[in-house]
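In the two complexes below, chain A is the common chain; its partner is chain B in one and chain C in the other.
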Partner chain A sequence: MSLMAKPLPSARPQTCPEPSCAAPLELPYLCGTCGELLRPPPGLNHFERFGIAPSMDLDLEALEARYLELSRKLHPDRVLGKSAATQARALALSSALNEAYQTLRDPRRRAEHLLAVHGGKSAEQDRRAPDGLLLEMMERHEEVDAARAAGDGERLAAIEREASAEEDAALDRARSLFADPAFPTPDLLDAVRLELNAANYWNTLQALARGEHG
Partner chain B sequence: MAYSDKVEDHFHNPRNVGSLDKNSPDVGTGIVGAPECGDVMRLQLRVRDGVIEEAKFKTFGCGSAIASSSLATEWVKGRTVEEALEIKNTQIVEELSLPPVKIHCSVLAEDAIKAAIKDYQRKQKAAAPQEQTAS
Partner chain C sequence: MSQATDPNAAPERELVVGIDLGTTNSLVACAQGGAPAIVRDGAGRPVNLPSAVSFLEDGRVLVGEAALERAPLAPARTLLSIKRLMGKGLADLGPAVRRQYAAELVEEERQLVRVRLGDRTVTPQEVSSLILRELKRRAEEGLGREVRKAVITVPAYFDDAQRQATRDAGRMAGLEVLRIINEPTAASLAYGLGGKEAEGVIAVYDLGGGTFDLSLLRVQAGTFRVLATCGDTLLGGDDIDRILVDSALEALGERGLDANDPRLRAQLRAAAEAAKIRLSTAERTTLRVTDPTRGVHLELDLERRELERAMEPLVERTLALCAKALADAGMQASAVDEVVLVGGSTRIPYVRERVGTFFGRAPHTELDPDEVVALGAAVQADILGGGDGGELLLLDVTPLSLGLETYGGAVNKLIMANAQIPAVATETFTTPKDDVTAIDLHVVQGERELVSDCRSLARFKLKIPPMPAGLPKVEVTFLIDADGILRVSAIEERSGAEASIEVVPVHGLTEEEVDRIMEDSYEHALADVAAHRLIDLRNESSSVLRAARRALGQAGDALAPAQRQAIEEAAERLEALSAGEDGDAIKAALDALNQVAEPLAQIVLDRALAEAVRGRRVDELEVQG
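This part shows the complex of A and B:
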């Protein structure tokens, strides 16, 4: 079957609905030509919000530049004289863009979102942990408590570094699973879930070692 | 987030914090975690003649997780193993007035009770192999 013959999805407008503009749309919620703000299609994911393909490997500098550019275009101050509905839309789009950026720039949250985009289970739906990890977590948390009680800042910093390395390792394994040519099979989705659950535990341990959790 | 008075009470005065000898044949240990928030919980029971006579917990997590496990240790004490298995997380939610975002904390406590009992039962089975091979 020719890809050319495949009709484009009709749910999303392909051109700016503003009659005087009608330029092709790069993003489904913003006309890059006239700046018109459009109602975003429901269920737009964070990658689509930036107009990029879902992937673990993002150019973070390019993402930031795009974020700043879009933030300016969506800024509520730009539509101060416009209707209340337009102002509300600018606010909602800005807020959604912020959430998308905060999610995509953080590797753990990006992986979590990428898994959800592919229909993988959430942590609530699949609560498994790798063998032995929960026991290790209890021990590491007790270590943090003991180090804090002893006022041992060096030990706390060391635990935080170790936990950060463990989180990175789990995310690297998730990255390899995402890159598997067979992805997304149910087995691979579940394997990613398990790695992200591990990453979450190590992430919480770091927060605790920094004195943030609780 | 504002905690209910009962959560505050259990959080500031947790009951039964500590540990039991995990190698003892009459002690069951359950370690469970909530991967969505990274909380971990250990709950231990000492069983004599089918009745839970002692329960200890250690929870690393939010106030609701600590309160849920503290309450769970209070509730299991004096119950038979079978009765303890009937404790539902919804009862913990109700008792502590947990908001929807904290329901997983109560699930954790229920899972911890079940895991501890499972561990105890596994030990009992392992300690009495002659009963299984006798017939």
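This part shows the complex of A and C:
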């Protein structure tokens, strides 16, 4: 799917507030015509930050191109010598853009954010795991410990690969749930939460196998 | 989008210089109106200053070459490698680093290292600011205009405290630091690899005296985006010297000389470094240390191949870090399109060869690896000053993760290493007990899971109204600005009360301290500069007066009476004024005398030349006779 501009809710300004410009706004925090940086509406989500519809399926190349294009307009280097207020706004907008980009380009974080946008529970609010997963995790963690104790690098790499494949599989199941025509019913939101919890467990296992934790 | 029509745009381009504030040498470059170049001083020499400061007993301060020359005479009052102390506490340094400093290092408030100089102490920031001030002065003399704004480079791995310390040093030196940028990022800019159409991946391999780092950048549509950076702060050319010193010491041991004698070690280290440099062009050389007063006479034949064998483990370590950076960025070595070399140690052919083989392409060697960082800083300075490179944009990353201490001494990371900057992250907390009125927040930097293994950046208290446990909603926001410097804010949302936060930097200076030091040093500097100038002018006056009077005695008869009188009057005037305090008046009188005495000087010179020719004939005759 390409990057499509999402229609802006009517409560937000539709045109650039700079009287000399007044061009229609594509993004709620930046005038694409005169470059004026605007105060973003509160609670802007990462998809809105890029002016795209919330979805699991993003064209990452198009996202990157858009990220660079927006960075060129928002980065603090671009407004040196302007008023302190403009500089502060550039700092706030460009840091938020970086956060949005890093979230959206990573499938697991993108899924978490998409769930939050639709009002789903966070991992802290719903810690349930799919049946049998916790037991499997305990076994897998022991396996990592044993492989590490034995200095078996190949085994660790194999566990990391398997865990990565399992994470991808959980994210694929979440993707199908997001694409369900009935989405977002409360049941579907909870089902996505369960898959993302599974993806998080598999992700932690990869870090463990790489030796980044514990 | 176009900025060209902005009515607030400055009508005239402001000069912004790039400064490489290095561990051993510091350079100033400027890119105004074209290719970047190292700035020349008033005498036409490149502004490349040894990063050395010597504090004399009488209160005067020497910076650069003069300080370096003084180092052996006054080691305890001369500071080299001050960069290693920036933003550090004594405990951070470790015994090996502390041993490098002959000066006494102490720690006063906020665990900030200070250098003791008799009855007072100075901070590394102040010492660095003296280096920056001298760079500024020399650049101004050469450029013939004031330098007020600069971009200063720091190693990519510099943490928050070190970046703040660098920025504070700039401020103390009277510079507006427009941006702190990472050295490898700067180096990639120097080669001009980021044309509008350019696309690709650049690897910057930086092997300096004491540190190594590698950065990968993607160039795309005029943006330089850092993908990954990693390094080792205790790996560099000094280690190669140490290998050579150790071989020499082995040889020395057999002759019964004391291997622990510091003077001998210093001589050996210098000889080893020189031999290493010679081996970059020669196949073999002799490491020679002679000290007749102590009966030391050492010669050690070295072949380039021996050096290469000895260096191999070190180079392997750098390549392992290259592999790690590639893995972090999720790419293969073959994806790298350009390799840029930085640091004196990359002059070694073996390093170039191994790096070239690793990446499968010959590294760029067109620019001097010691100048490339300053040149790149100048490119960025020009862009920020509104120059033609305005289409270029640097998107840098933060080298270390940032987090908050949570219960049990664990770290809750808010911003991960290699996150693009500016970066923002917010985390919400609550209280575990009833009626808590203050929450302690401890900000740490590092990759480890426990606070005790990370670096403490700041602690602050957030005061909140008393509420039952779990009810307060404390939102902590980390914001890393484009200089890589962290700002932390916290607010208790439920009470809506404006939270009072005081961030006390660990290993840093408060805003007030920077201001105070700046005022003090500014006053001192003005007095110093004025006093210095007066001394210089008086010295020059007396030597010009002496020369003019001698010349009048020798050749005054050859001048017209009016010329002769003009010279005598100008000399009297200068003599009278040079006893006073008015530097400008002395300077004017000096210039006037120089001007009127010029015909006289010409006559004296002509006669001297004739004498010399005659004299030689006499000599020849005498020899023959």
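Keep in mind that, in the parts below, the second predicted complex is superposed on the first by the 203 of 214 C-alpha atoms of A that agree within 3 Å, B and C clash if a C-alpha of one lies under 4 Å from a C-alpha of the other, contacts with A are read in each partner's own complex, and residues count from 1 in each chain.
Everything that follows uses one rule, which is that contacts are C-beta pairs under 8 Å (C-beta built on N, C-alpha and C of every residue); 3 or more make two chains touch, one makes a residue touch a chain.
Since the model is a prediction, treat every value here as computed from it, not as a measurement.
Residue contacts after overlaying the shared chain place A:Asn200 against chain B, while chain C stays out of touching range. Once chain A of one complex is fitted onto chain A of the other, the partner contacts of A:Phe178 are absent, as it touches neither chain B nor chain C. After overlaying the two complexes on the shared chain, residue contacts for A:Phe50 are found with neither chain B nor chain C. By the touch criterion defined above, A:Ala129 lies against chain B but remains apart from chain C after alignment on the C-alpha atoms of chain A.
In the superposition on chain A, A:Tyr29 contacts neither chain B nor chain C. Of the two partner chains placed by superposition, only chain C is touched by A:Asn98; chain B is not. After overlaying the two complexes on the shared chain, residue contacts for A:His75 are found with chain C alone; chain B is out of touch.
Applying the stated contact rule after C-alpha superposition, one finds that A:Met138 touches chain B and leaves chain C untouched. Residue overlap on chain A between its contacts with chain B in one complex and with chain C in the other: 213-214. Residue ranges of chain A in contact with chain C, taken from their complex: 32-35, 65, 68-69, 71-73, 75-78, 80-82, 91-92, 94-96, 98-99, 101-102, 213-214. Of all residues in chain B, only 31-40, 42, 58, 60, 62-63, 104 touch chain A in the complex they form. Chain C contributes residues 1-3, 8, 10, 178-179, 220-223, 225, 383-384, 386, 393-395, 419-425, 449, 479-482 to its touches with chain A in the complex. Interface residues of chain A facing chain B in the complex, by the touch rule stated above, are 122-124, 126-129, 133-135, 137-138, 141-142, 196-197, 200-205, 207-208, 213-214.
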